[in-house]
Amino acid sequence: MIETVIRKRIEILTDSALARRVTEAIDRAGITGWTITPVTSGKGRDGHWREERVMGTDKVFVLTIAPQDKAMALAEDLAPILSSHGLLLTMWDVEVIRGERF
Amino acid sequence: MIETVIRKRIEILTDSALARRVTEAIDRAGITGWTITPVTSGKGRDGHWREERVMGTDKVFVLTIAPQDKAMALAEDLAPILSSHGLLLTMWDVEVIRGERF
Amino acid sequence: MIETVIRKRIEILTDSALARRVTEAIDRAGITGWTITPVTSGKGRDGHWREERVMGTDKVFVLTIAPQDKAMALAEDLAPILSSHGLLLTMWDVEVIRGERF
Amino acid sequence: MDASVLQTFTSPVVLFFVLGLLAAFARSDLAIPEAIAKGMSLYLMAAIGLKGGVAVAKSGIDARVLGALLIGILASFALPLIANLLLRTFGRLDRINAGAVAAHYGSVSVVTYVTAVEILTGSQMAPQGFMVAVLAAMETPAILTGLLLARGLGKSSDGRSKGELLHEVFLNASVVLLLGAFAIGMIAGPDGFAEVTPFFEAGFKGVLCLFLLDMGLIAARRIMDARSVTWRLAVIAIALPLINGTLGTLAAHAIGLDVGSVAAFGVLCASASYIAVPAAMRLALPEADPGIYLTMSLSVTFPFNILINIGLITAFASMLAGGAAVP
Amino acid sequence: MDASVLQTFTSPVVLFFVLGLLAAFARSDLAIPEAIAKGMSLYLMAAIGLKGGVAVAKSGIDARVLGALLIGILASFALPLIANLLLRTFGRLDRINAGAVAAHYGSVSVVTYVTAVEILTGSQMAPQGFMVAVLAAMETPAILTGLLLARGLGKSSDGRSKGELLHEVFLNASVVLLLGAFAIGMIAGPDGFAEVTPFFEAGFKGVLCLFLLDMGLIAARRIMDARSVTWRLAVIAIALPLINGTLGTLAAHAIGLDVGSVAAFGVLCASASYIAVPAAMRLALPEADPGIYLTMSLSVTFPFNILINIGLITAFASMLAGGAAVP
Amino acid sequence: MDASVLQTFTSPVVLFFVLGLLAAFARSDLAIPEAIAKGMSLYLMAAIGLKGGVAVAKSGIDARVLGALLIGILASFALPLIANLLLRTFGRLDRINAGAVAAHYGSVSVVTYVTAVEILTGSQMAPQGFMVAVLAAMETPAILTGLLLARGLGKSSDGRSKGELLHEVFLNASVVLLLGAFAIGMIAGPDGFAEVTPFFEAGFKGVLCLFLLDMGLIAARRIMDARSVTWRLAVIAIALPLINGTLGTLAAHAIGLDVGSVAAFGVLCASASYIAVPAAMRLALPEADPGIYLTMSLSVTFPFNILINIGLITAFASMLAGGAAVP
């Protein structure tokens, strides 16, 4: 029977222009890594947008797996700019194998 | 200490041709927004498919964050066409910051 | 009121060159299907990488929905190669509609 | 007939298609990124639209043009009826799937048409420019017939009105781009077109090569994964292009078109859509199985048309025109 | 004046832009994959950079070139002040958003410039090659003025130093590619450029057609979803290109440039950035609303410039040059 | 020698590579979308395959061709042995990583070859068309040697048979496309190729410019993030192209090839794969560290070959041919 441990999975939707701000915060929180996945389009209070990479207003998901405490540190770190920078942050518990890596 | 609230995260895998059907249902349920992410390929009972954007049979993920009641309303709304339209719907609880937005 | 059942959602980050190894394992575990989504870039212990499809070192997410037992069988099957092949596996419980399909 | 067929097999365009088929059957991982494939398909449609519009700007619109448009629209409405009959009887398909497949065979394949034009031009039988307008006109009527066959006059399954659906169908990307570029070609005329010739004309054949390479890969991969297509359906996917091609060639000959346009019209009737119609079917008949209609049109009919039927139709059109088979 | 305007409307380049607008307004699903759009934009910038560099390699650098660079940089620094005034008073915008919008109108739009060059060349008034260097020089100064207007001399909201920000702004992709290709054109010279002419010159106009098709689609779709743009802001988005275009044309005429370069400089001043500046604003002023600045620059000013203002500015420049309106 | 080196540095192709390096080192955000990069790489392989096939259709296959193929295959099998020795001793690498790196240096880099051909052609020393077949033949044998060195004759770590693996390796995209296009070129011949010349020939050099821009960006970014490459490995990544290039040039001269083909063969031996082999290593040796083999081949050897070694090898081949250094 393999062993799994519980970690937080955090996903942050951000303008791609601001992705480096987010990944720097992840590095600051001492988390081991992150992964960026593409986003096609979306709708929020600002109305609908589409793939707008040409205009630099496209978005990406930054996701990271971290232990509870570091995840909280990251959320605290990002909280002040969530609204001003239009970030969307969700997190939940996941099971991971090889938990010592995160 | 920042405060988080619990919301449902719903992800719906759909043919891109049908994505507008899904986002209209999200709007009807009174949910504030949605995000579409790309899908590369997959396998289900119909056999394997690949990136087939040329043929209009490619798929996307539509994801939305909503309070429990609206999430359920959305699921009820989509339930009748899930099978006929070949949609795949999963949902789970997530923590969000700035919960008043959803 | 629609009925939902609980299933495991498993997401595996893998080099795209190795994706077939993973999907074959999913098929072996008797799971009904899987979906592949693209990944843009990431950082782990190996340093930062970017879209490197030209060089065959790009990555993808393979995700699959399965009942608890099959999910565990899959995790057992993949465990020995997780480290050697640099895979990252997370899983969590989700609610699905039309649960008989999974 | 042999000459046309041979002509086909030394054309780089067709050879790249064959390369795609072989690579996929050998399970090579060769693949064209989807954004590139989509971009090439937009390029091809813009280019043939422009060229057709410029040609019509030169030649003007006359009774022959209107006649060709008319039989094109009629064919697109009517051909699904033949397909439906075969599919319901010999093919043993249910009503929904038969209607969906039938719509594909009434509509047309842009790439089949373009390949035929390249081959015809190589044999000094270039079709008239207005045939591009005929191509565009034939894309959508078949969708209506297919829907009527599948569902009668009722509402669609998810309660959307027919009006909304038709809007989506008639403004689909390929119709808009083809007709838009056609109009631009007519407005800009030969002079305006001259400025963009290096891009839209000189590059055309090369892009078509790479696009057909991709089509070969997709067609072969799809048939290897196919589950829903029975041998009966495969037979129909070969019979329909033969039947429709013959009928189309005869009709175009009857209204007095030149030999190249006759062959081109035959190819249009013989071809089956695999872009506009599948997308429309996902919207309008989501219960129909794409495994059936895509595999039939893309993996059986399309290769059959490219590799064999274009040659046959060309030879038949030449014969009707009283000539011997092409040199 | 009418002639220039007509000239505009039979150019395939502009017609494809109109097709994009119409298709989006009719809610067609026509779309260009984003990777293709990005690729075309890189191609266009590399091509105009190269061409400009080769032209300067031939003509050399003289006082006229330096003069043009100087007024370009000055204009980019100063024009946001006019915009800011209008936006804060008549436009009723707050300080942050006014500064962000103002930066767009001081900077330039590469595609507007390129379209103007095509139209001017079609009227035998091709601007000088060094204008590409002016274009590149005008991209970024406006960003500084906009930031100062929005935020004064303080730190940015997320505590990053201005230095870091400037690094990101000045090394943005389009500046680097434009100036890099310009330098390559100067080093390789006419001989080196000859080898790559078929790709970078022959294909240019065709690529521009497809790129403007995409811009039309995006501009129209954005305005249909727009919420934040009031009628006051829409008026400003038309007034600014008229004002800035007039000022720019006069300034360039005053320093004695040829008529084509005068018109090109007028168009540069009239144009509003929708690539480099929005990206910089997301970094530097994330609180500003992209719904305002993108819709104004992309969906109002850009089409106004392409369809009308390039013609007006050309006619004005011809008038200043003492000639009658262009034939 | 200086002349060849200078020739290198005024070629737009090389200048775009340098631009990419500089932009990445300056931390600009310039980037080519991956779909475009992939599309360009497919285009380049199809184009050189076609050109080579057409050339062989003209010249026929003779003993010289077979000789070149033979030494190519031998070199690809044997060169990893030299690399492995250096890596295990001076480089201090473990067995798995040494084998993986060695495979890269036995195999070849398509883009290095193509760049060399452009530079050689510019100096009136175009290599023979059949060298494309040699290129394709050299891609995979080195993978076998590398695997044997890393793992001996045993099974792969995840229990897959060698047969399955070889299938994946030998049908990898670049081999299939190169050889397929080569065959199409041979079948279609000069006449068939003429139709697609504007696309595959005229655009070639321009596409190569943009592709090398991307390679420069990727190579420089990778080296800035690199952690696993020691100074010892960096030295080896410079020494190997010098050693292999010298051996290859001598061997090709010995079998009596013309000076252009001798230099081209030298470059093939000097070059290290960064497409086919890395993908094969992820499958076959997933435990090996891509941070080592990609950084060595892509960020050290590739730029060294493009900027310096092609010039050196050309001069050496000219010297062997008894001529003075190229004019």
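Residue numbering begins at 1 within each chain, and the chains themselves are lettered A, B, C, D, E and F in the order written.
Operating definition for what follows: a residue touches a chain if its C-beta (ideal position, glycine included) is under 8 Å from a C-beta of that chain, and two chains touch if they have at least 3 such contacts.
Keep in mind that what you see is a predicted model, and the values were worked out from it rather than measured.
Using the contact threshold fixed earlier, the set of chains in contact with both chain B and chain D is empty. Under the contact definition, chain A and chain B share the contacting chains C.
Distance between chain A and chain F, defined via averaged C-alpha coordinates, is recorded as 39 Å. In terms of their C-alpha centroids, the spacing between chain A and chain D amounts to 45 Å.
Residues of chain A in contact with two or more other chains: 37-38, 53, 92.
Among the residues of chain D, those in touch with two or more other chains are 33-36, 38-39, 198, 202-203.
In terms of which chains touch, the assembly is arranged in some other way, matching none of the line, ring, star or all-to-all patterns.
All chain pairs in contact, by the document's touch criterion: A-B, A-C, A-E, B-C, B-D, C-F, D-E, D-F, E-F. In the complex of the two chains, the chain F residues touching chain D come out as 33-36, 38-39, 42-43, 46, 50, 167-168, 171-173, 176-177, 180-181, 183-184, 187-189, 192-193, 195-196, 198-200, 202-203.
Within the complex formed with chain A, the chain B residues making contact are 1-2, 4, 7, 9, 23, 27, 32-38, 60, 65, 92-98, 101. Note for the complex: chain C touches chain A at residues 13, 37-45, 59, 61, 72, 75-76, 79, 82-83, 88-92.
For chain E in complex with chain D, the residues that touch the partner chain are 10-12, 15-16, 19, 22-23, 26-36, 39, 122, 198, 202-207, 209-210, 213. Note for the complex: chain C touches chain F at residues 15, 17-18, 21, 46-58, 81, 84-86.
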